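In the part that follows, the structures are each spelled out as C-alpha cells.
First chain A sits with chain B, and in the next complex the same chain sits with chain C.
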Partner chain A sequence: MQLFIRRYGTLIGFVAILVFFSAMLPGTFPTAKNWLNITQQVSMLMVVAAGMTVVMVMGDFDLSVGSAASLAGIVAALMMAAGQPIWASVAVALLVGLLGGAFNGVMVSLVGILPFIATLATMTMFSGLAFVVSGGKTISGRAIPEDFGNFARGGIPLGEWGGVAISLPNLSIIAVVVVLAVWVLLEQTTYGRRLYAIGGNMEAAHLSGIAVKRLRLIAFSLTGLAAAAGGLMYASRVASANPVQGSGLMLNAIAAVFLGTTMSRHGEPRILATVVGVIVLGVLDNGLTQMSVDSYVRQVLVGALILLAVAASSVTQGRR
Partner chain B sequence: MSLNKSALAFAGILLATTAMGTGAALAQAKVAIVTPYMAQPGTQFYVEAFEAVAAENDWDVNVIDTAGDVAAVISRIEDLVVQNVDAIVINVDPTQVTAGLQAAKDAGIPVFGMDAGADPLLVTNVTSNGYAMAAETSTYVADRIKGEGNVVLFVFDAFPPVQVRGVIADAVFSNYPDIKVLDRVTPDVSDGGIADSRAKMEAILAANPEPGSIKAVWAAWDQPALGALQAIEDAGRSGEGIVVTGIDANPQAREAIAAGGNFEASVAQDFAGIGATTAEAVARVLAGEEILQSVTYVPTKLITAANAAE
Partner chain C sequence: MAPPVPLLSATSVTKAYAGVPALSGASLVVAPGEIHALMGENGAGKSTLIKILAGVVAPDTAEIAVNGERVSIDSTKAAYRLGLRFIHQEFNVVPTLSVAENIFMGRRYPRRAGLFVDWVKLNREAQRALDRLGIDHINPSQNLGTLSLGDQMLVRISAALLDDAKLYVMDEPTAALTRDESERLFRVLREIRASGSSVLYVSHRLDEIMALCDKATVLRDGRSIDSGSMADITHDDLVSMMIGRKVEEAYPKPQSQPREATVFAASGLATPGLKPVSLSLREGEVLGIAGLSGSGQSELIRAIFGDAKLTAGTMTLAGAPYTPSSPAAAWQSGVAYVPRERRAEGLVMRRPIFENITLAHLTRQSRAGIWLTPNREKRFAAELGANMRLKVVGPQQDVLELSGGNQQKVVFAKAVAGNPRLLLLEEPTRGVDVGAKFDIYSIVRELTAGGAAVILVSSDLPELIGISTRIAVMRQGEITTVVDAAGLREDDLINLCYGRPTGMVA
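What follows is the complex of A and B.
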C-alpha cells in the first residue's frame, strides 16, 4: 500500500486535480480549446524542464537555465533588430545556449566545481551578459520582425470543435519534438543509460569504464541548448526580449522534474514523468485562474502541492 | 453496469446544468485585471481605485499578478477568454501580449489598457497626457522668467513617452522671441540619470559664469532636474534664482520642491484617477456604449512648494 502511494500518489493527485477542475468548470476546462491553450502555455517550461531532466538524471543541477533562456532571447532579438534574418538570429542564439551549457559542463566536469555552485555563478554571469548586450532595455515593437512574433501565434489548423476553430500551436509542436528527442536520448540510447549509471553511482560508473567527464560535459551542453530554445520560444510568444524574462523558468523546471521523480521507481528523473510534472503546474495555473482564485493564493497552493508530492514519496520511503 | 453508466451521465448533466443555472442567475459582471507589475507602487494605486469603482458596480473582480512574467500575462488572458469574462484590463506593454489580445478579440471580449500603451487591439488606453505635462512645466518656466533669458533643456528623444515632452518644450520656448535655448542636453541615463545630468550641468555653468546668464533649467523628467539642482547648489549659484523644473513628481523631487530651493515645479500623474477612469470606461462598454478614443487621458497636477508635501 505504501509502495503504491509512493509510486502512484502523484499520478492519482494529478487525476484528482483534473476531475476537480472538470467538475467545477464543466463548460470550459475539459475542452479541446482549453487543453491546446495549456499545451501552449507550458511549452516553454516543457522544453527547459526536458533539458533539466538530462542533468538531473546524473544527480546534477543547472541553476543557469533561466538566465541562459533570457540571454538567448536577447541575442536573437538584438540580431533581428540589427536586420539579420530570423534563421541566423535563432541559430546564433541556440549556439550561445549550447556554448553556455558547455561552459557549465567544463566547470562541473573538468574543473570539478559542484554543479550548484558552478551554475549559480554562471546564472549570474549569463544574466549580467544579457544586461550588458541589451543595455538593460526591453527589445520590442518594430525591432522584432512580425514573422518572429507570429510564429508563436500560429499553428496547424485542426478544424472546428463545438463551433470554435482550433489549431495545434507551433510552440506545442516544438515542445513535443524536444520531449521526444530527450526521451529517445535518455531511454533508448547507450548514452542515456550511462547517464543513469552516473546518477546511480558516479564512482562505480567511472570504474566500469564510462567516460564520466565527457558525458557530463555533453549533458550540460544539451541542457544549455534546451534553455536557449525555451528562451527563444518565450521571446517569440511575447514578441520581445528583456534581460530577465526567462528567470522564472529555472525554479519551475526544477519543481517539475522533482514532481516527476515522485512517480519513478527509485525516485530518479524520467522524461515522461517530467512531462506530467510540467502539466500539473500548467493545469493548476489554468484551472485556478478560471476559478478566479487569487494569484498569490495560487502560488501558495502550487508550493504546497510540490511539498505534499515529494513528502508523500519520501516519508513512505523513510519508513522502510 | 449500464445502469451505473447512465446514473453517472445523469449526475454529470445535473452538475453541468446547475453550474450553468447559477452562472445565469448571478449575472454579475466578471472583470479581470492582469499585470506583471503589481510590486510597483503606481500599480497598486491604479488597482485600488479600480476596485473601488468596481465595488460600486458590483463586479466580480479578479486581480492577477504574474510577478514580472510577461508570457504568463498571455497565458492568463487565454484562460480568461476560455472562462468568458466580460472584460479584461491589462497593465503591460500591449505589443508584448498581442497573442492574448488577439484571443480576446476573437472571442469578442473587450480589453482595456490601464497606463499600458495605445494599441489597435485595446478598446482604449487610460493614461496621463505627456504633451499636457510638458506644457504645464514649460509654461511655468516661461512665466517665471517673464519670457526672456537663456534656458537649458534636458531631454531624451530615444524614449517615445519622454520624447513627446521635449517636443512641447521646444514649441513653447520657441514661441517667446526673447527666450534662447542655450543647450538641449540628452544625459546618459545608464546610472539613473542624476549623476550624468549633474556633470553636464556643471560644464554648462562653467561655460556661462555670469550671474543671470542661465535663467532656467527645464527637464523632461525629475532625475536630470535633481542633477542640475545639485550642480547649481555646488557651484554656489543657488542665489541667482535659476528656475528648475522636472516631470513625474517622484518623492525625491517633491522633497526638493518642498525645501523651497531652485527646484520649483514638477507634474504628478494621478494614478488613482487612471484606475478609476479605466473602471468607468469598462462600465461604459459593459452598458453597451462604444468608446471612440483609442487613448483616454487623465488630468495631471502641477506640483509646486504650495502642494509638494501633500
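What follows is the complex of A and C.
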C-alpha cells in the first residue's frame, strides 16, 4: 500500500487535478483545443526539462539553463536584427547553448567543482552576457523576421473538433521530437545506461571502465543545447527576445524532474516521468489561469504541490 | 545445581517478510560472562535476529527474557535500557568531528558552568575510553576522518564500552581490522567476559570464533542450532552446521598446474605510494599478496589497473607492452578487477544484476557499441549466474535485494564476463559466507585452468595460502619476499608480514 502510494501518488494526484478542473471548467478545460494549447504552453519547459533530466540521471543538476535559454534567444534575435538568415541565427544560438553547457561540463567534471556552485556561477555569467550583448534591451518588432515568429504560431491542421478548427502546434511537435530523442538516448543506448550507472555509483562506474569525465561533459553539453532550444522556442513564440525571458524555466524544469522521480522505482529520473511532471505543472497553470486565480497564489499552490508530491514519496520510502 | 539464569534468552522467534520466513522458531540463549558466537550463511536470519534484539524490527512471535524476566523490546530505547549495546558493520560516525566528539555522540558532553562544553575534560574522558582498549596511537582531538577504517572501528567500540552494559552485540567487528587491532579487541572482549558481561559475536571468520567464543548459535534457514561448548567441536563441525552438509575441503584444488608462458610482468612499477615493484605471473598462476593493511597492496593493484599515475616502470601483458591510461583501457586489454569494497566500488546497488554484470562490457554487449540489447544481456547474465551458482530470482532483480555472498558473485560475474587474461582481486571473500566462498574460489580455479593469471590481495591468511601458487609479501610499499604457498604455515606468513625472522628454511 505504501509502495503503491509512493509509486502512483503523483499520478493519482494528477488525475484528481484533471477531474477537478473538468468539473469546474466543463466548457473550456476538457477540450481538444485547450489540450493542444497546453502542449504548446509547456513545450519550452518540456524541452528544457528533458535536457535537465540527462544531467539529473547522473545525480547532477544545472542551474544555468534559464540564463542559457535567455542568452540563446538574444543571440539569435541580434543576428536576425543584423540581417542574418534565420537558419544561421538559430544554428549559432544552439551552438552557444552547446558550448555554454560544455563549459559547465568542464567545470564540473574536469575541474571538479560541485554542479551547484559551477552552474550557479555560469547562471549569472550567461545572464550577464545576455545583458551585455543586448545592451539590456528587448529585441522585438521589425528587427525579428516575420517567419521566425510565424513558426511558433503555425502547426499541422488536424481538422475540426466541435466546430472549431484545431491544429497541432509546431512547438509541440518539437517538444515531442526532443522528448523522443532523449528517451532513445537514455533508455536505448549504452550512453544512457552508463549515465544511470554514474548516477547510481560513480566510483563503481569508473572502476567498471566508464569514462565518467567525458560522459559528464557530454551530458552537460546536451543540457545546454536543450536549454538553448527552449530559449529559441520562447523567442519565436513571443517574436521577441529579452535578457531575462528564460529565467522562469530553470526552477520549473528541476521541479518537473523531481515530480517525475516520485514515480520511479528508486527515485531516479526517467524521461517519461519528467514528461508527466511537466504536464502536471502545465495543467495546473492552465486550469488555475482559466479560473482566474491570482498568479502569486498560483505560485504558492504549485510550490506546495511539489512539496507534497516529493514529501509523500520520501516519507513512504522508509523512515529512520 | 540449577543452571544459571541466562542473561538473555530469546526463544520461538519467528519473523516473516511479506510471507517469506526469515526466522522460524529460532532460539538464542546467552549466559552471563560468555562470549557467544552467532553464525550462519548470509540470509540465514542473523541480521533479522539482531534487529529484533535491537528493537528495530518487531518479531511475529518471540519470548524474550533478560535475567529471567520477560521483556518486550519494542524500540531501540528499550533495548538500550535493558543494557544491550549494538556495534554494527556500517559504523554511524561523523568523520568531520573529532574522535572525542564521536565517542560522546548521543551522550551529554561534560560542561563548564553548565553552559560551555569542557573540551579538556571531554578529550580526557575520551582518552580514558581509548585507554581501556589499550589504544595509544589515536589522539582524541584529531578528526575521525583522518583515521584508518580499522581505527575508526576501534573508536566506535570504545564508545560502546563507555557505559557498562550487560550484552554487547558486535556484527563483524574485525572485518576492517588488522590482525593487531583484532587481537587488541579480543583482549578487551575477554575482559568484558571476566567482568560478568557478555558478548554476542557475529562473524564469518571461523578461526576467530573457535579461538574466542565459548559457545555458538548457528542459524540455518531461520532455525537455530546450539553448538554446545566450543571446546568439544571442530572447525569442520561448525561449517557443517552452517551449510547443513559435510565439507571436504575449504579450498578447491587447482584443476591444473601453472604453465610456462608469462601472462603479465611488471618491472620497476612505481607510483607515489608504491616503491618500485617487479613481478611476473605465468598462465594459470595465482599470486597472493600478503602484508599488513596499507603496505601498498591497493596502490599496486590500482597501478596495474590503470587507475594511478605511474612514476616509473613498465608492464607487459601477453608479451605486448601494456600501458593502461584508465580502468577502461585495462578492461579492454583483458584485465579485470574485483575491488575491495563491493558496495562502494563494485556495484550499482539500485540497478539490476544484468546491468551490473555487463557494465564493463557494454561495447560488446550491445549492437554497434551504441544500441542496448537487454534481452541478450539478461540471457548472458543468467548463464553466467547459473555457472557460479548465483541464487537470485532472475537477472532483472536489483542487486540491492541480494545477500552479501550473491552480491559478491555479481561483482565476480562482471569481472569474468570478458574472459580476462589477468584478474585482480582485493579481499574477494570479505563478509561472504562459507558456501559462497567455495563457489568464488571455484570460479578462480576455473579461470586459471583456462590460462588466466590472478593477483589476490587478501588479509585472510588461510585463503592466501589455500588459493595462491606463490605469495608475495609487501611491506611499506614494496615487495620484500616471494614464497611458495604450498606448505606455508600461517605464523610464518605473519612473521614475514611483520618483517620478523621465520622458522622457515628459505
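As a working rule, the second predicted complex is superposed on the first by the 318 of 320 C-alpha atoms of A that agree within 3 Å, B and C clash if a C-alpha of one lies under 4 Å from a C-alpha of the other, contacts with A are read in each partner's own complex, and residues count from 1 in each chain.
As a convention for this text, contacts are C-beta pairs under 8 Å (C-beta built on N, C-alpha and C of every residue); 3 or more make two chains touch, one makes a residue touch a chain.
Because the structure is predicted, anything quoted here is derived from the model rather than measured.
Q: Given the superposition on chain A, are chain B and chain C in a clash or a fit?
A: fit
Q: Looking at the overlay, what does A:221 touch: chain B (first), chain C (second), both, or neither?
A: neither
Q: Looking at chain A, does chain C or chain B touch more of its residues?
A: B
Q: Between chain B and chain C, what opening angle does the Cα centre of chain A see in the overlaid model, nearest 10 degrees?
A: 140
Q: How many Å separate the nearest C-alpha atoms of chain B and chain C in the overlaid structures?
A: Comparing every C-alpha of chain B with every C-alpha of chain C, the smallest gap is 35 Å.
Q: Considering the complex alone, what residue numbers of chain A touch chain C?
A: Against chain C, the touching part of chain A is residues 187-194, 196-197, 200-201, 203-211, 265-266, 268.
Q: How about chain A: which of its residues touch chain B in the complex?
A: So the residues of chain A in touch with chain B come to 23-28, 31, 33-34, 37, 40-41, 44, 135-136, 138, 140-141, 149, 152-153, 234, 237-240, 242, 244-245, 247-248, 285-286, 289-290, 292, 294-296.
Q: With touch defined as at the start, can you tell me which chain B residues reach chain A in the complex?
A: Residues 12, 15-16, 19-20, 30, 32, 60, 62-72, 74-76, 78-80, 82-84, 93, 95-99, 102, 190 of chain B touch chain A in their complex.
Q: Going by the contact rule at the top, pick out the chain C residues touching chain A in the complex.
A: Chain C residues touching chain A: 305, 307, 326-332, 337, 339, 344-351, 355, 359-360, 362-363, 366, 369-372, 398, 414.
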